[in-house]
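Heads up, the next two complexes both have chain A, just with different partners, chain B and then chain C.
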Partner chain A sequence: MSPPGRARGWGRLGDRWVTVGVLALFGAAWVAVTRSGWVNDLFLPGPGLLWDGFVDLVENGYKSRSLWEHGALSLKRVLLGFATGAAVGTLLGLAMGYNRKIEAFFDPLVEFFRPLPQLAYLVLLIVWFGIGDRAQIVLLFLTALPVSSVAAMDGVKSVSIQRVQAARSLGASGWQVFRHVVFPSALPEIFTGARLAIGVVYATLIAAEIIAGSTGLGWMILDAGRFLRSEYVFVGIVLLGLLGLLLDRLLLGIELRVVHWAGRD
Partner chain B sequence: MDLTRRSFLRLTAAAAGGTLAVRGRAARAAAPEKINVAFFLETKPTMIAKGEGWFEEMTKARISWSEAGSGAEINTGMAAGSFDFGLAIGSSPTAAGISQNIPYQLIGMVDNIGPAEDMIVRKAANIKSPADFKGKKVATPFGSTSHFRLLGFLRTNRLTEKDVTVLDMKPDAEVAAWQRGDIDAAYVWSPAKAKMLEAGGVRFPTSKALDAAGYVIADLIVVRTAFAQQYPDAVVGFLRAYRKALELWKTKPAEAAAIVAKQAGVAPEVAKSEMEEYDFVPFDAQLSPTWLGTPGTPGKFTEVLKRTADFLVEQKSIRSAPALAAFQKATNTTYLQQAARG
Partner chain C sequence: MRMIPAVPALRTARPRRPVAAAVRRGGGAGSAWGLRALSVGCALAAWAALHGLRLVPDFLLPGPGDVFATFVDVLRHGYRETTLWQNAASTLYRCGAGFLLACLTGVPLGLAMGYSRRVGAAFDYLIQFMRPLPPLSYLILLILWLGTGNGSKIALLYLTAFPIVVSAAMAGVRSTRVQKVQAARSLGATERQVFRYVIVPSALPMVLTGARIALAAAFSTVVAAELMAATDGLGWMVFSASRFLRNDVIILGILVLGLLGIALNRLILALDAGLVHWRGVE
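And then the complex of A and B:
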């Protein structure tokens, strides 16, 4: 291996150590602060209490459902909301990027929806879609859609005009240009949009699960918080965090496989 | 001017000392500068005292009002020291708060909820007896007094959450779901309750039997302990302001309802009919053995709090409940006694 490569390897190893160090530091501070009794258990439960809470949740579940059921239901909602929202959003964004008329038609709607806080139309969603999983998934769908569509639109718009003209001059049809030039060029941005979308869908999960609860990790955190059961809240947060990290890594993995050429123009 | 580092430090220290001295003097004064009150926007006589500025007048302090969404929020704010008073917090969050050592005291009652929170069932759901609830969907805001009563209803009728689907919904969401026909029943208070009664709902009275079985629910006044120790006069003044409002409601209900209606943003008739559902316990009765009792002789209501806390432990809502003595210790009727007198 060449010396620069090795240097990079060492650099990476160093970075790892920084990460480990920071985690260890946080852990030590956590233990110190909770052991010393400086903070009330209600604000920050100690590691022992957190572990007990976790074991209790694993063994007995939370309010008539097991922890895994809550997790699986949340995951189902996130994946369905994300998949439908990102798919429709991406198609819409591609169309908007490719055709100005379509953009003029949909852009105000997308731009109106994008910054709207979900809590604002929560009750409307119940009125329209009822209290089942449907209203929750629709909420997540509506969250993912604008993010994905804006990303896809930007992706299409950033395709260099020279490439399109080159393809045209070689006799490519409109569809061929889209299929072989525009779409692949927009893919990296579409993936970035997807990762952003899953982030916001994930963040909206708690809002979705308030709709008519009693299931899901988001609801569990909310309900435990009502009685300041901070050990359950922390367990829920850690699980949500890990699950989110996993989903993001998964998307990143797919991205690296599909658009391995990104950024190497 | 030649300000060396050391002299600068000395100067700052002197300034800080000065501030401390000033603060120390203020701490001993009878009236606080500002009182933080968490309240619910509701149709109750408390709103008269708020609207007419009686709380400010009788505590001799500026009041910063924060509207709370639930008793749990009041507990959290009290734990963080952001609220001094919790106005009309429900008995189940209060029992939870005392169990979790939230540093506050129960100093008075607003109402005995009685039938004001009760079960409403959809006529079409054809629910005639408790057994008919099997397989039905019932909504209630979790963590509330209504939720506590609903669970008490299931328990006393040998139903479990496997037989009945209990959904956690805020009152406005319940109304929305009700209108679509997604829920068969709800345990809730007005205005949601009144709206459901208008839209094909009927009462399924449970409150009398549940009160008799020990599932009494009430709305209470709590004060942060450290605040009460520092400003006992303000605490008495606060209760006096409420007493004045309560007396107005008892003597001139129409006038009282008009003020409440304006505060809550509803029609005067609505305010009046909603207020008539509650039993606003007079101060003398609060000091009787039935409710809070007097200093040294705690009333029966402390036992209700203890039972409520035990129930919440069974529900895994709180980790543990202390002995009855802890609830008696957290109930301080000295301020109430003074406020009832003068």
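And then the complex of A and C:
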């Protein structure tokens, strides 16, 4: 992973210091700019104000719901939409990878949905299902589905032919080949697709909450922005970033545990 | 941390490898086009049937004929004093401007971060913090800082595409094989020549894959941003139509956006095919 043969005198300690130095520089600039009053607190709240905002949110919540409730609501939507979309998408993708006719049939639909901006059909879903959890979960389902199915399809297609032939020549049935050769080989890509999908689903949910929501972290940011409470906006953004990172790491942890054979070909 | 692929998509998004034909069922490629046409036909037929059999009220789901009529009408008379072309052009302009700026700054930074450990160490944390942030969450701040005009939207798309492009360029440089660099050195190449003739060409396929992902992300985000605060653009058209329950215009907008998305993706794929003919040939 390290850059090919280009460590220049500076050891790892040197790199660490560069990182710390740059982060400290940004921190110092932030403090300096906000303390000196060059920038209005409204545009960029200082560290003190930000901390107060965070404590306030933790203690009092936002608009009659606690911070945890907003977070839990967002998380519930993400997980429901992701789980259903990824499950259906993976099954579809496995079938598409395994059978050319199925691929040819579903490919145009998947290829149409994949690059389509998700928020475009949110509007239609809201007209159909009303403003509520249902429209948002259907949106997230439709967001996760094409991403997972393309990953699963690619996974199946990348199975090495020698393995399949070896299993066949040892007398494995079609189902056994699929269950014991094709599926395990495709699993690393399925997980990669799942990580990709949860990232997109998460970003889409926040956008959906901002555009048409009444609860959740995304809505909180929008609402705080309307009332020019920019310290809440900043706290919300940082929390969203951490939550996104957490979701990704969670899936990665599961992946490392489940597909211990990845990369050992 | 280091072992995690910087851009998870880089693994799935590579072009298709030769298919393991023995695994696959369902005949050759000959029947594929027929099935594709059948699939589109089925989708249209299902739509027409849902509409024709009055399973759903007309105002919730207009039929294909209605949407086509709307298409002709919007082409001729425009929608609320904006033509379809104007809306498509402003959406593409915002998306393209943010994306190109991100490429112009992000690719050099990513290459530098991959090449020099110190530059990498300096910026890695900032980029890794930006990447998982949902772009719309900071749109509110950008509107506060830059106003509701094109500036805040282009800045948003820039910030959406930037971390993706940087991560891809960095991963591209770091995936250069040591042997190639050593071979070039042992033949007497200078640092500069190694960078120009070995590292950049090896990184280019990943850079272009990253650009494809970044453009797709920017395209999704531009529509979301237009839903929130805009007075033109395809996202605005769809949003405005939803307020007047003009579902025919919404569906028209979705179809146009879908086709545009496919076209943008094809564009970068074509660029990729023309530019890095050495992709996958090691």
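The rule is simple: the second predicted complex is superposed on the first by the 237 of 265 C-alpha atoms of A that agree within 3 Å, B and C clash if a C-alpha of one lies under 4 Å from a C-alpha of the other, contacts with A are read in each partner's own complex, and residues count from 1 in each chain.
Following the convention adopted for this analysis, a contact is a pair of C-beta atoms (placed from the backbone, for glycine too) under 8 Å apart; a residue touches a chain by one contact, two chains touch by 3 or more.
All values reported here derive from a predicted model rather than from experimental measurement.
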Scan A:R229 for contacts with chain B and chain C and give back first, second, both or neither.
first
According to the stated criteria, A:V182 is in contact with first (chain B), second (chain C), both, or neither; which is it?
second
Residue contacts on chain A - larger count, chain B or chain C:
C
First, second, both or neither for A:V123, with chain B first and chain C second:
both
For A:I131, decide between first (touching chain B), second (touching chain C), both and neither.
first
After lining up the shared chain so the two structures overlap, which partner does A:S214 touch, if you call chain B first and chain C second: first, second, both or neither?
first
Using the superposition on chain A described above, determine whether A:K63 touches chain B (first), chain C (second), both, or neither.
first
Applying the document's definition of touch, where does A:N40 land relative to chain B and chain C: first, second, both, or neither?
first
Residues of chain A at both interfaces, chain B in one complex, chain C in the other
42-43, 122-123, 126-127, 210-211, 225, 228
Enumerate the contact residues on chain A facing chain C in the complex.
1-8, 10, 14-16, 18-19, 21-23, 26, 42-43, 97-109, 111-124, 126-128, 150-151, 154, 156-161, 164-165, 168, 177, 182, 189, 192-193, 195-196, 199, 202-207, 210-211, 218, 221-222, 225, 228, 230, 233-234, 236-237, 240-241, 244-245, 248, 252
Touch list for chain B against partner chain A, complex
70, 72, 75-76, 79, 96, 100-102, 139, 142-143, 161-162, 166-170, 172-173, 176-177, 179-180, 182-183, 312, 315-319
Which residues of chain A touch chain B in their complex?
40, 42-43, 60, 62-64, 122-123, 126-127, 130-132, 210-214, 219, 223, 225-229
Of all residues in chain C, those that touch chain A in their complex
2-5, 8-9, 11-12, 16-17, 19-29, 31-36, 38-40, 43, 60, 114-118, 120-126, 129, 132-141, 143-145, 173-174, 176-178, 180-182, 216, 219-224, 227-228, 234-235, 238-239, 241-242, 245, 247, 250-251, 253-254, 257-258, 261-262, 264-265
